[in-house]
Amino acid sequence: MSFSYLNACLTVLLAWGAIGLAGMIRPKSVEFAGRTLFPLGALCGIALAVLAVMSIATPVERAVLPIGLPGLPFHVRRDALASVFLALLGGASAGISIFSTGYFRKGEGALPGLLCLEYHAFLGSMGLVLLADDAYAFMVAWETMALSSYFLVTTQHRIPEIRAAGFLYLLIAHVGAIAILLSFGVMQGGSWQFTFDAMRAAHLTPGWATVAFGLALFGFGAKAGLVPLHVWLPEAHPAAPSPVSALMSGVMLKTAVYGVLRVSFDLLSELQWWWGLVALGFGLVSAFYGVIFAAVQTDMKRLLAWSSIENIGIIFTGVGLTIVFHGVGMGALAALALIATLYHCLNHAFMKSVLFLGTGSVLHATGERNLGRLGGLIHRMPWVAWLTLVGVLAIAGLPPLNGFVSEWLLLQAFLFAGDVPHTFVNMLLPVGAAVIALCTALAGYVMVKFFGVIFLGQPREAALSQARDAGWMERIGLAWLALACVGLGLFPLQVIDTLDVVSRELLKLPPGRWGADWWLLAPAAARHASYGPLALFIVTLAVVVLAALGVRLVYRRRVRRGPAWDCGFVRIDARMQDTAEGFGQPIRHVFEPFFQMERELPTPFDAAPRYRVTVGDRLWTMLYLPLGVTVRWVADLVSRLQQGRISTYLLYSFVTLIALLALVL
Amino acid sequence: MEVLLLLGSPLLGALLLSAFGARRWAPELNVFVSAATFGAACALTARVIAFGPMLLGREQFLVDPFNVFLVTLTAFVGLTTSIFSRPYMRIEADHGRLSAGRLRLYHSMYQVFTTTMLVALTTNNLGTLWVAMEAATLSTVLLVTLYRTPASLEAGWKYFILCGVGIAQALFGTMLLYLAAERVVGAEGVTALLWTHLNAVKGQLEPTVLSLAFVFLLVGYGTKVGLAPLHNWLPDAHAEGPTPISAVLSGLLLNVAIYAVVRCKVLVEGSVRSALPSQMMMGFGLLSVVLAAFFLWRQRDIKRLFAYSSIEHMGIITFAFGMGGPVANFAALLHMTVHSLTKSAIFFAVGHAAQKAGSQLIENIRGLVTISPTIGWGLMLGSLAILGLPPFGVFASEFLILTTAMKQQPWATPLLLLALGVAFAAIFGKVQPMVFGETQVKRLPHPPALLPVFVHLALVLMLGLYVPPYLAGWYRDAARLIGGP
Amino acid sequence: MTTLGAVTQLLEIVCAMLAAPAFLGWVNQCRAWLQNRSAPSVLQPYYGLRKLFHKDVVLAENASPLFRLAPYVVFGTMVAAAAIIPSMGTGLPLSTAADGIALVGLLATARVFVSLAAMDVGTAFGTLGARREMMVGFLAEPALLMVLFVAAMISKTTSLPLIAEGLTTRALALYPSLAFTAVAFTMVLLAENARIPVDNPATHLELTMIHEAMLLEYSGRHLAMMEWAAALKLLNYACIGFALFIPWGTSTEAGGPESLLFAVPLLVVKLAIAGAGLALVETLSAKLRVFRAPEFLATAFLFAVLGLLVHLLLGD
Amino acid sequence: MAPLPLDLQLLNACAALLLLLAFSMLSQRRIVNLVNLLALQGALLCAATLLVAWRTGDGNLYVSAGLTLALKVVGLPLVLHRLIRRLNVYWDAEPVINTTGAMLIGLLVVVFSFGLAQPISALASTATRSTLGIAIAVILLSFLTMITRRKAMSQVVAFLSMENGLFFGAMSATYGMPMVVELGFALDVLVATLVIGVFFFQIREQFDSLDLHHLESLKEGE
């Protein structure tokens, strides 16, 4: 069989499957699964990433697999878009797998072998989602992905909350999948061929196209955690083991983004520009909603989950912009927005993985997920702390790290949205820019809270002094991902030139000019604006170093250690620091109407004063509870039919018979 | 020859078991007989693969693509069920729920039941078909009431009366068919009820009579299929009978009933040339799906739960046959196959689970994976399969049915999807806590026979990803046979 | 890059570093005058820095390396920021490497590091300060960004020098949008530089202090770096203001070296006026309660966005 | 039109009587009488079959007439009577619908079934086709009876009378089904009665009565 990147990628996916099955050989052995199979999985990940990166610029490849339905065998296809996401999958999963080798110590609840199987099935199915080229293969891969991740989420199934979380997750995933299936059904447009090629060929009326897009947005939005379909996310991510959370948040959510891009730019032949506004709207809402809720969380993984919702919001904003620009025929800007979107997907995959893995190490070291009982860990576990700091700075969107690049691109795209030939819209879009700006600033707030409360200050519990730093494997995994963050931050031009292939392929554009110099990012679309992180970084670094050296050289003064000053307070203890609640207080104060808060305030004369505040999600009580109630109500009505009296049953038959006979006559 | 073997071996087995059904080795004998039956079925299949469809025994028996795979399926599930019931019934006996006499009754009736179903499938004579269906009812009634508990008696009684009445309608329908037929084929008795002959002349049969006949037949056999609102016997019978019987009821009897309905539909549609029959079937199907989906929410007894899920799936199948056309029929046949495999697998797992917990109530069954991973995973995977999650075969058929529905009956699609969603929430929400979580139950003396569960699930998995060509061929031929728009 | 560019660049950096404390001193002096106190010398901040540099550093026991790193990072980012703001000349080679958005990013980096450092020791005041600082930041930063956006939309680029040039070269016109944003910018400036009405640099009153609360644990050279960085920040903001609203007189590539000779004294004048103005505002306004601060900044943000909309509505 | 030949008149008379019996079963509350009515029905059925057999000279029909005699006139009633005595259930409880109501509905049913039979009997080649409507009526009436009864026993009797109706229908429309089916049919009825017998004893030993309201525990709506 002649070499093709497609076959190679499929082989890697197959290898993942094989590794997973191999886990069942000795299901009980942590050694075997952890120390042997997971590293292999990581190698496959790296291989996949390399293959994908190499293949991006190569022409599209297709194949038909010998499995599937009689009429509809699995079609697979690799194009630039798929390659980009495959690279994301490979790169991120490599780091996570390495980390996992050290992480899964005593089998997290389930058997290690089983975990290994589910984990690699998860990876493999995600890969297949990206390669699938017909509705059936896509749905199979998609649901397998949901299923395997569900089992991973419920690894510690003895805890009721985790079971509930898993249930909610799978339910919403399934509903989303149904919507996606419907949208495929609409998209094939009368040909009744369910290959993607048939859908590309199909010509839909604008109305039906809109329906298809709406269904796809709903379905993929449910998976991506777009508000108001986000409710499963803050439940499922804390429930899962940290590497799994990292995979889900870092990679799985991106498959949903991939789906939306695939549908709106590839499968739907002609798209309406105003769809973009819808996506944009949902994106902005999600971004804002996610970040303010992240700011008031007290559980570190829940916080990260909400922050994922925020980032997904930003990504969908980018998608929306792309659709708008593309729809009104502003090619260069569309490319800019698309690149920003893809770039943010990459960034988020890596930085969020770093953060989740960091929390994983903390969890292992302390057994605590509640921010209120952590603190001062930078002394106990410096490796994790510093590597996590990279992720924190990156996701807070600070130069010269990667988070800032995509933010910069997105804002540039927004800045020139004023030229859209719809006055109302170009009034609207800059407001969107304002929201994005607000969100990134809030993200900074959230991340300071996250890092500060976990790693800085004094330990809030005595037990924390026993915390030990992560093992080598975990460090390597973290370092890999952190390095990726730095690299993506410092060399944007190189990355973007690769991503540009996608914009050429999807938007049918000529290759764009993205840089003035090898170190200088200067998109042609953003007039005269340029950004050279490397130079900026070097200068800043130089100043820092010079300053430090200068100070040291000139003044040779001692550094004494002493008790903290704190305005002369004598007895300082850990309880005086801000708790997570305390740190979130300003946000609660400013954005009060969005939260559903229950406060428990002490009276002045309390012997043992106690303060407690819980923040709930209004959407849950407004949307989901009523839905459940309705279904139950209907169920009760229906169950009245069956009263247990045989005469009644006979009557049913009798009436049915008579009715049908009357019908026939 | 094979047919003789096929029908003979279970009959003989029934006789033997009615004599020795209480011996220690009776279960093994039961398994052996079923194995023999399965062997005969395989031989028959092989022959059909070799020589194609055939008529046997002075045209009294017919083996064509439509029933050959059902025969194999029936024999196969019969075999696996007998394997499963070996330890299961032992345990039941140990628990003192069954006396020796009852065991004898159980084993003999089990084989009688198999025989009747095989007859119903292979016969070419609609009259015989009816007789066999009635016989199947009678034999299973006694099995449903095997425990003699008040509940089981009630269930049995309802089963008997409702299905008896239903069957009576079917007989009248058959009679009308005969009436219409003898005017065409001539009154020389036998041939006028032979399906092949009727199928040959269906164009000339009198439409009005046939449409009336179809109503009676649909209501009659439909009762046995468990179509809402004629389904009321089904959950009771499934819940109160011994689990192996629930398995075969769900897995086989319903299939056979559907088979009967479809055979008749072919004739009627051939003559009536109006959409009425298919519309009736679609209506019944849709109603059953939706009602069942909502019934699922209220269930507290696990076997009832899956009984309702059977109703739901029968609804889906009926709907698909109602739609007709190559794709829908293909999907419906595939769905019959995967449903009976999956559902019986689920009942196997459920049976052991209930035995472990000593109760059929959902809230008493907890943490199966911790006490016995195989049962737990069997139940979990089975439920996920039956809920139509890929890569299991049920998804394949539902995918085809849904897409066809979008094409032919767009109005019905939202209803179907709604029902599927509701059913998913209901079933999964109940299964998850049973499979996962903590438990204090301890192990049982006889090791459960869970090979059948995983064999079935493996088959279903395979059908989801790869349908063997000759099977697909049969489906296609049968689909063509059944026809439709 | 041209030699002139290099010269301007270096000159800017050096001047900024050196002049920053003086500007701070000048503001304080004016304030003292306005409050008819006997004013400290303009050079007072230099004395302060010198004194601090001569002192030992007393580190809290549980201060982590981050705590010691932060001052240099903050200082570094401030200098880098100074390097890309066209205060004297617009021909800055470095400013290609970082446009307005990057500038905001730099300032944000500084803020994050200050706050983290403040949380590091884990005292009541430290965390309190950090929280309040971030609270101010999350509204001030987008406001500043919006201000930049308006200017950027007027001159179709986010690069500061080009904005400045754009404004200087084109005929003097009244931009109502700029009026809005100018107000917004002033408010942001006050907030970001810990001036009244949001914060008061001259007090250590627990209930009100923000910036000082974060520096409580610092001493010796670390404190010096922090103070210096703060002074730089003030200067930077002032210069950003000039670049965005009154860029006239800054030297351009076209103008040649001699324009630089003209630009420097002009900048001094601008700074003098701005400083006096700042002092005046501070004297006239009263310190807000901390919880009024968000409202204050929200207003700023609102003004900025309004400016944006006005620009889009009226065009330029 | 010419007056019908005597045998057909007789046949129609039988049919009319059958209908009458069905009605009286609908109203009858004493179980013993119900069984007697059933036996009478069987007898009429037998007579009708004989008439048709004589008219057509069809051997099969004589056989099936014999079967009817053996099963429905002698066999079943005996079994049922014994059961009644053994389980002493002589009276049914108050029916679900009171008698007059049932009668009215029954009347409607008859009209309906005649309407139903119209197109069919137009096709039937048999001389007896006009009685087909009556057959359907009998079936539906016994269905109605089943619905209205509260005792297992009476329900079963109604069930059997329904099968009589079916049989009569088959006979009048097509001079009876093929022999195979006839035999199978007879066999089934036999087995059914045995099953029923078993049932009664089981139900009896569980609930010591044959009242159906004992059998209403399995249900959904609480």
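Here the chain labels run A, B, C and D in written order, and each chain numbers its own residues starting at 1.
Just so it is clear, contacts are C-beta pairs under 8 Å (C-beta built on N, C-alpha and C of every residue); 3 or more make two chains touch, one makes a residue touch a chain.
Just so it is clear, the structure is predicted and the values come from calculations on it, not from any experiment.
Visitor: I'd like to know which chains remain joined to each other by touching when subunit A is not counted.
Guide: B, D | C
Visitor: If you count the C-beta pairs in contact for each pair of chains, which pair comes out on top?
Guide: Greatest count of contact pairs is found between chains A-C.
Visitor: Give, as an integer number of Å, the spacing between the C-alpha centres of subunit B and subunit A.
Guide: Centres of subunit A and subunit B (C-alpha means) sit 44 Å apart.
Visitor: Can you work out the whole-Å distance between the CA centroids of subunit B and subunit C?
Guide: The answer is 79 Å.
Visitor: Provide the C-alpha centroid distance between subunit A and subunit D, rounded to the nearest whole angstrom.
Guide: 70
Visitor: Return the distance between the CA-based centres of subunit A and subunit C, expressed in whole Å.
Guide: 36
Visitor: At least two other chains touched by the same residue of subunit A: list those residues.
Guide: Touching at least two other chains: 636, 639, 641-642, 646, 650, 657, 661.
Visitor: Counting only residues that touch at least 2 other chains, which ones in subunit D make the list?
Guide: Within subunit D, residues 116, 119, 143, 146, 155, 215-218, 220 contact more than one other chain.
Visitor: Which pairs of chains touch each other in this structure?
Guide: Taking the chains two at a time, the touching pairs are A-B, A-C, A-D, B-D.
Visitor: Report the residues of subunit D in contact with subunit B in the complex, numbered from low to high.
Guide: 60, 116, 119-120, 123-125, 136, 139, 143, 146, 152, 155, 159, 162-163, 166, 169-170, 173-175, 177-181, 184-185, 187-188, 191-192, 195-196, 198-199, 202-203, 206-207, 214-218, 220
Visitor: Can you tell me which positions in subunit B touch subunit A when the two form their complex?
Guide: 157-158, 161-162, 165-166, 169, 211-212, 214-216, 218-219, 223, 229-230, 232-233, 235, 276, 280, 291, 294-298, 327, 367, 369-370, 384, 387, 389-391, 395-396, 399-400, 402-403, 406-407, 413, 417, 420-422, 424-426, 428-429, 432-433, 436-438, 464-467, 469, 472, 475-476
Visitor: State the interface residues of subunit A toward subunit B in the complex, per the touch definition above.
Guide: Touching subunit B: residues 66-71, 136, 139-140, 142-144, 146-147, 154, 157-158, 160, 163, 166-167, 170-171, 174-175, 178, 181-182, 185-186, 192, 194, 631-632, 634-639, 641-642, 646, 649-650, 652-653, 656-657, 660-661, 663-664 of subunit A.
Visitor: Going by the contact rule at the top, pick out the subunit A residues touching subunit C in the complex.
Guide: Residue list for subunit A touching subunit C: 375-376, 378-379, 389, 393, 396-399, 404, 407-408, 411-412, 415-416, 418, 426-427, 430-431, 433-434, 437-438, 440-442, 444-445, 447-449, 451-453, 456-458, 516, 520, 522, 526-533, 535-536, 539-541, 543-544, 547-548, 551, 554-555, 557-567, 569, 572, 574, 576-578, 582-583, 585-586, 589-590.
Visitor: If you look only at subunit B, which of its residues touch subunit D in the complex?
Guide: Where subunit B meets subunit D, its residues are 125, 127-128, 130-131, 134-135, 138, 141-142, 145, 148-151, 153-158, 160-161, 164-165, 168, 171-172, 174-176, 178-180, 182-183, 187, 189-190, 192-193, 206, 208-209, 212, 235-236, 239-240, 295, 298.
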